[in-house]
Each structure stands twice: as C-alpha cells, then as structure tokens.
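Read through the structure below, which is laid out as structure tokens, and then see the notes.
Each chain gets a letter, A, B, C and D, in the order it is written, and its residues are counted from 1.
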Amino acid sequence: MALGITFIYSIVRLINWAMGAFYMVGSYLQFILVTQVFGVDRWWLAVPCSVALVFVLGALLEPILIRPMFAGNVERKDEYATVVTIALLLFMTAVASGISGPYQRTPGSNLGTIVLGPLPVSGARFAALVVALVALGLFYLFIKRTWLGMALRAAADSRTGVQIAGVDLARIDQFAFGGGVALAALAGALLAPVFLVFPTNGAMTTTKGFEIIIIGGLGSIPGALAGGLLLGVVESLGTVLIAPQYQNAYGFLLVLLILLVRPVGLFGKRLREV
Amino acid sequence: MKTVALGAAAVLLLATLPGVANPSLLHLLTITFYYVVLATSWNLLAGMTGQFSLATQTFAAIGAYTTGLTVYYLHVPIWAGILAAVAVSLLCGFVLGVLVLRMRTIYLAIATWAFAETVHISLGAAYNLTRGELGLSVPPLFGSLEPAPYFEVFLILAALATLTAWSIARSPLGSFMRAIKDDELRAESVGIDTVRVKIFVFTLTSGMTGLAGAFYAHYVAILSPNIADFSVIGTIITMVIVGGIGTVAAPLIGAPIVETLGALLSRYGEWDLAIFAAIVIVLMRTSTGGIVEAGRRLLSRLRQAQTT
Amino acid sequence: MLLEVRGVSKRFGGLQATRDVSLALNAGEIRGLIGPNGAGKTTLANLITGIYAPDSGEIRLRERRIDGARPSAIAHRGLLRTFQNTRLFGNLSARENLLVTIYAWCGLAAAARMRDEAERRAAHLLQLTRLDAVAELPARALSGGQRALLQLASGFMHPELALYVLDEPFAGINPVFVETILELLEHHRKHRGVAYLVVSHEMEIMRRICDRVAVMIEGAIFLEGSLEEIVADEAVIDAYLGRI
Amino acid sequence: MPISAGSEALRLDGVVSGYEPGVDVVRGASLRALAGAITIVIGPNGAGKSTLLRTIFGFLAPRAGTITSGDFELGGLPPHRIKALGIGYIPQQINIFPSLSVEENLKMGAWTLRGRRATIAERLDAVYDIFPALAEKRNHRSSSLSGGQARMLSVAREMMTQPQIILVDEPTAGLAPSVVPQVYAILTQARTATNAAILLVDQNVEGALEIADYVYVLDLGRVRADGPIAEFSLERTRELIRASLRG
C-alpha cells in the first residue's frame, strides 16, 4: 500500500487519498470473482483479474480527474488534487455501500491453518504474504527490465527530462496512476479473506500506508520498505508488551516520535523548500 | 458594521424559531449549526490558510469524549467537562501543530489522516474505557432531550464561530493567513513568521472544534466513535466547497444545503455521500468559488446567450 | 557598515554555487550585481535574505549576525527582497499586498495601532505607482508591469527598510514602469537612506543608478568597480566570452 | 525527412513567448537554421536565448509567430511530438536521470527507437567510442558521475537518436576546460556525419564562434544583428559585448 502511494507520488507528484477505495474495489472484485466465477479453490486466478480490472479503472479515471491539474487551468494544484481524490474516496465508498450495504463478506479460503515453527498462522494470511512477495518481485523486474519501467523511474527523477527524451508524459502519468491503484487492489484482493470485504475496509491499510510514508520519508521507495518493517515490529511489540487493543495507536506514536527527532523521515532528504 | 447588524438580526429571528417549528426541523437545524462550526474551523485552516487538515472531526471527538469521560468517571459538573474538553483539544492541536507544521504542507494532511484514523479506531478498541460502539452515555445538558434549548445553544455557537471567522478574515491576521496560502515563501520573506501563524490557527480551530464536539456530546447523550468517522470530514469539505472555499459565508451556504439534501436522501442509504462527492468533483473542475459563483457564471452565460 | 558578507560559500550537491564571497554595503548605496547566467547571483541573494543558510562564512546586518536566521527574522530587521519571477499574494488585493508588509513588521498586537499609519502609507504608494485605480483588484488580475511595481512597492511599506535586494526588477517590464521604479528607488534612498543590491542585466539602467557594480563569475566575486572600470577590464570581457 | 546540406531545416518568424502572462521574454524573433550548419545565438543575459529554445521544443507555446520545420508547424505541439519529428534538445541544466545507470540514461535517449535492438546497440557503441569515460562507467548509477561526465552524458544521450535538428543550450557550462573542445568536436561531427542543423546557444562565445557557420545576436528578445561567421571576428564580438555591457 505504501509502495503504491509512493509510486504515484514520486511520478505524478500527488498524494492519492483514494487509495483505500481502490483497495476496497480490489477486495470486492476478488469476492465477486471467487464466489461467482472461479470458486474458492481457484482464488489465485481471481487475484490477477481483480488487479487488472482496477488498473484499467485507475487508467480511465486519471485523464478525467487528475490530468486537468497539469493542463494549467487549475489554480491551486495541491488543493485540487487533495479535494478531488478525497471526493473520489467518498464517492467510491458510498457507491459500494449503496450497492452492497454495510455487510461484511468473505470470499472464503481453501487454505487451512499452517503451523510455522511455534506459531499457527492462518493459511490465507500466509498465502497473502507469499503472493505479495512474488508480486513485488515481478514489479521489481518490470521496473528494472522493461522500457516502460525505465521510463517510470526516469520520470520520478525528472519530469522535464523524460519529455526531452520524447516520452509522452500524459501516458506515463496515466500508467503510474493505474499501477499505483493496482498495487492497492492487490493488497485488497489478497487480504480479502483475512480482513473481510466491506465498504470502508481500505481505511486501516491506507492509514498504515501513510504512517509508513512519514516514517520512511515521502517519495522514497527504500524508505517505504524500511518504514513498513519498522511499523510492523513496533506494533507487534506493543501488542505483546503493552496491550493488544491499542495496536493501531503504537504506529501513530512511532510517527510522532519520528516527526520529533527526524521530521523528514528515515530516508527523506533534508530540503528547504524555495 | 452593517454586516454585523444584519447577522445579529438573522440570529435573533432564528432564535424565535422553536416557538413555531416542529422538533424534527429543530433537530435538523441544530445539527446544521454543529456542522457550521466544524466547517468554519476547517475553512479557516484549509480555505484561508491553505493547511489541509483531515482531522477536524477528530478534534470534535476529542472534545466530546473528554467531557463525556470526565463527567462519566469523575462525576464533575458538565461545564467543567466542557472546559476540560476545550483545554484538551487545544493542547492536542498545539502539539500536533508544532510537530507537523514546520514541514511541507502535504505532511499536515498525511499526519492528520493518520491521527484521525488512529483516534477513530482506538476509540472503538478502548472498549473498557469508552464502551466502544455500544456508546458512552453522557448526561444531557438541559436535563431533557427536548430540542429547543439545544437549538439555541448551537445557534449561538454557530454565530460565534462565524463572527470569529469574519473578524479574523478582516483583520491583519486574516491577511497573513491568506498570504501564507497564496505564497508561503514570499510570506516568510515579507517578515511573517509563517510557522507561528500556522500553529496558532491550527490550535485555535482545534479548540473551536473541541468546544462544538463537547456540546454535541451533551446533546446526543449516547456517544459513539461514529463522531470521528471519516465521512464527517468528507461532509465538512463538501459543505465548504459547495459554499465557496475560503469565504466566510461558505459554511453558512454549504451546511444547510448539504444537511437538507442529506436528510431528504437519507432513506435511500448512503447514496447522498456519492452525490455530494460527485458535486464536489464537478465544482472543483469548474469553479472553486462554490455553488453561488457557479450559478452566477451560469446565469451570465445564459444572459449572454440570450442577447446574442 | 550596513551589510557585511564575509567568505560565504554554498554548495548544492556537486555544484559550488558561491565560493568565498565577500561584499560590503553602506547605507544609501546602490550596488549592482552582474555576471553571466549561473554565476550565483540569485543564490547570493537567497543567502543574504535567509532562504538558504550558508555552508561557511558569515553575514552581518548592522554588525549583527543574520546568517542562518529565518527569512522572517531577517525581514524584521529591515532587509527585504523581491523575486525574479514576480511573486505576490495573488488573492489579496493590491492594497492588502502593501499592508501585509507593515503588519508583519509591527506584529499583530500592534497592528490595530498602526492601522491608520499603514493605510496612509499604502495610499501614498498606490498613488506614486499609479496603482490606485486597481488597488482593490486581486493582485493576480494585474498586468506584468503592474505586478512588478506592486512587488517592489510592498517593500517600501516597511518602516525600517534598510537594505532592499532586488532580483531582476526590470526584466521584461515596459519602459514606463521602469521609470516609475527608478523614481521610487531614488526617493527612498534620498529620504530614508535605503541601500539596494540590484541583480540585473539591463546595463543601461544599471549604469544610470549604480554607484559601484560587482561582477560575479563562477560563484565568486570577480571584480568590483564602476561600470566604466568593469567594461574597460579585458578579463571581464574574456569572462563574458566564456574564457575563464 | 532527409534534408540536403544547406537547405532550411528550421525557421522562426516573429516568435513571441514568455512565462508570465503579460511579460514577453522573446519579442518577435525571426531566424533560420540550415541543415549541415551550426547556427549560434549569442547575446547578453536575459536576451531570451534559452526561452527561445524552450519555445521551439514545445515547453512553451508561442504567443505569436510561427515555427516551422519543413512542412510542419511546430508551434503548440507537445515536446514528445517534436522529439518524434527528429528534433533533439540539450537543455542548459545537466539533464540526466540520477537513479538510472549510465547505459539506461543513454537508452532513455533512444526512447523513440525502443524495440529496435540492433540500432540501439549500434548507437550505444558509437557513443561509447566518442566518450570512453562513459563506457567505463556504463553500469554505474549516473549520480556517481562528476559534473563534467554528467554534462557529457546529457549531450551523448541526445546523440542516440541522431536528430536532424539539435537545439543546444550552453553545452559547456561547468565543464572542465579540457573537455570543452571534445563537446564542440561532437557537435561538428554531428553536423558533417548526419547533416544535422544545430542551433546553439552558448555563453562560451569564443569557443562557439570557432565552430559556428552563422551567427545571430539576440538582445531583449529580438535579433539585433546576424550574418555568416566571416562577419563576426573576435574583435567585433568583443565590441558587441562591450556595447551591451555599457548599455
């Protein structure tokens, strides 16, 4: 999730507040595909389909909602991006609960409980971890080995530079937006059996994503990975050592601590804005 | 002065309403006034100063739960609970502001989001303390839940909030705030201590929201984490955008429209939020002056079309 | 001595933007700063006005260190600047753009007391700059020349303005506005002893107004003197030819 | 669109452009660049030289006037379309992608040729021949390059597509003196080898005069003087600079 937010931010230079909504859509698509089309045993087939559909959705929405920001007719770009993506979040959440109601659903899982060393782990959780790692590997290969991946990395370095090289920046933005929300949908689809499917199920993951970004530093991909790890450790430690019901508060305390000692995050650059 | 007199007249006129209106209308208006306060504080912060907070509803919840919990557990009088609520929300606003407002603007939005969702979830999770979704029972302010006196209280709160916003907007502080929104680096170069102004506004609006939240707690009587739901900030943003972001009148125009529409659409489920969100997106793409400005433009275009 | 810059260096990544720059200005002096593109003129302006903190060296305003201080604190002491691409508060009216400077100086507590004084100064400047007709328009609705003029005028609102750093104040400006700008500069120099550091490539104007000119090349001050002395220096011409 | 030597590759007529509304930086510039020739634009700071190149490459839309290349009107096209027409732009700032390796940077230069593996490999070899320093560091991150090497890379990157028209803005700024002749050698090589039209904006007037074929002097957004290189001796140029410094 944090990777998706960072991915969009580093290229399109905006925070997409609606990430949670795409997570939610990913989980709903997974639910529908598993229960209506593929069946529980072929859940792994449903995952790429859900992700691909959300990618298309993101790529379709970008030109309508985000591109006007760069066309020069928007006076305050940040304000525009923030309000529009928050409105999009509310819109998608409201439509979801309008259609499906507030019920919590689950696509079910064909995986039983696995015992890993001393710890029993739910199969679905474990599968989510494995698939997420595989997907991150593929994402890494895509970014490192393909022309498009190279252009995306280049655009994160310099938006002017890629235009000079002859890249159509509008297409890159569209792809990056689609790709970023597809990453959110991947999380949504994989975690659907664990955290269930309901209209606001993306909120918690988005919050974790933002916390990770402050911890790791805005716009830094290694920061996102390290921040995620640190957040996970602190939350589990807090759960074990203090009290489990405040699990979500530990992360925020960590954020406050980071802001106090190193406001730009672990991997952020110290930059005075001009 | 004329504006103040006009406003005072409108408040007095509204104050007589409980004599004639039915309770459900009074309830609707009471909630509208509550939202006017929240929207005004968000508008001061985001609309006038350019600092996007996503935690307005959270400060309302902090205010509400502070008074709720102190009254419930410590059995202090209600007014002491409300005072504590204001103090705690001011303090939270100040600390968060000091930590975040030195950073680039976007950090405030990210940090307040994380703050808002953490508080929201923790309120539900701290079941032993807050009774979570079951709701904390809070004594009503006036002994009964008869809406008329609450209507008057929230009318006064909304009027005070609007008066505050109005006088700030016309004061040098108001020009500092709008200067920061327009060009923070230049504001700093001209000699404005931008960090101090931002922290001040953030703290002030946090206290204002906390106060409204505290009174709200003693109106609804059963307090649940819903008060901090993200859809609340969505509603607030919608109200301000519809009313014309950055103008003092925005909440006064936006809140009644959104509340009334919401009440009319409530029987169809949550579709009202979808409609509001769609309106916001359309307004952002066409006119940031809000619905009045958009209407004015449409009218003048129609008139032009007629004359040609 | 009004301003003293001593051995100031600033590095951005691999680029040494300024190296060991020293510069001194007296009250009421107009100093020009010229040099080829990328010579570090704007960086120097940013260092003096607190937008960057220098890596080494010190900057003093009336004997007191200001390097590393926030721009607002430096502005408070009477050192203001304009920006190369005119920056204004676009949604504030022209009049409010002027008022903000004075309120920022005196602080909110004293603002009410200063109100009449501030309004009077603003009205006077609006009249001088012939912007009174557009005083109530938002600054973003003004023409390029009007905007440049307003940006400049906003600094003169400061009651204790001592040094005004002007970054390309004449670039792309209609000659009519240029004359008004020059009148303003001269007026405040004569009556209040305001000093100016002017970064500009409009040589004709620089020649008219500057007592002395400093040439910056590759981040360092290469030569100081009258414009005649500078033009006569073969090494400066070499530098402009790109022969370092 | 092959262009024969000496034919007109690029033509500007009365071009007006600028960044801020109401402030024109280029104020009615007219000039042309011939194929197989280096045309230099010199002039004092703020004359609008860089803005002129940015306008040709589509980062700014001209407010008036026309920019034509052959039968194509370039004014108003986005940069990637202009690049696709065979026009390259080497901007003033060092233009590399620091998080990409040196070779990836060069490949990005060949974006419009992507998929044509053989051509790209050929061009890479050619570029490495000219810049052995880059060949040595081909798999390093380009952020590890020195300032001079980074400048070399940003020039080399544009050579990957062998553009018919090359817009060059201050290619030697910040370069060690020893590398400067090399950069000029590349430009002259491009002129003869691919018959490209080169429009060069340079602060290193002396160096640029040595390789130029035609000279334009720009001041305050307009062409003040122009002529073939023979008319611009070093003496006359020094006098021009002196005059403009004098105001």
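Just so it is clear, a contact is a pair of C-beta atoms (placed from the backbone, for glycine too) under 8 Å apart; a residue touches a chain by one contact, two chains touch by 3 or more.
Quick caveat: nothing in here was measured; it's all calculated off a predicted structure.
Distance from per-chain Cα centroids to the pooled protein Cα centroid is smallest for A.
Ranked by the number of C-beta pairs in contact, the top chain pair here is A-B. With centres computed as the average of Cα coordinates, no chain lies farther from subunit B than D. Subunit C and subunit D have Cα centroids separated by 33 Å. Here the CA centre of subunit B is 42 Å from the CA centre of subunit C. Computed centre separation for the pair subunit A/subunit C is 46 angstrom, with centres defined by C-alpha atoms. Note on chain placement: the centre of subunit B and the centre of subunit D lie 55 Å apart, centres being C-alpha means. Shown for subunit A are the residues that touch two or more other chains, namely 274. Within subunit D, contacts with two or more other chains are made by no residue at all. In subunit B, the residues touching two or more other chains are 185. Against subunit D, in their complex, subunit A makes its touches with residues 147, 150-151, 153-154, 156-158, 160-169. By the touch rule above, subunit A contacts subunit B in their complex via residues 15, 17, 65, 68, 75-76, 78-80, 82-84, 86-91, 93-95, 97-98, 101, 200, 203-204, 206-207, 210-211, 213-214, 218, 245-249, 251-252, 255-256, 259-260, 263-264, 273-274.
Against subunit D, in their complex, subunit C makes its touches with residues 14-15, 34, 36-38, 85-86, 143-145, 147, 168, 171-173, 201-207, 227, 230-231, 236-237, 240-244. Across the interface of their complex, subunit A is touched by residues 57, 59, 78-80, 83-84, 89, 91, 95-100, 104, 107-109, 111-112, 114-115, 157-158, 161 of subunit D. Within the complex formed with subunit B, the residues of subunit C that make contact are 49, 51, 70-73, 75-76, 80-81, 83, 87-92, 96, 99-101, 103-105, 108, 111, 154, 158.
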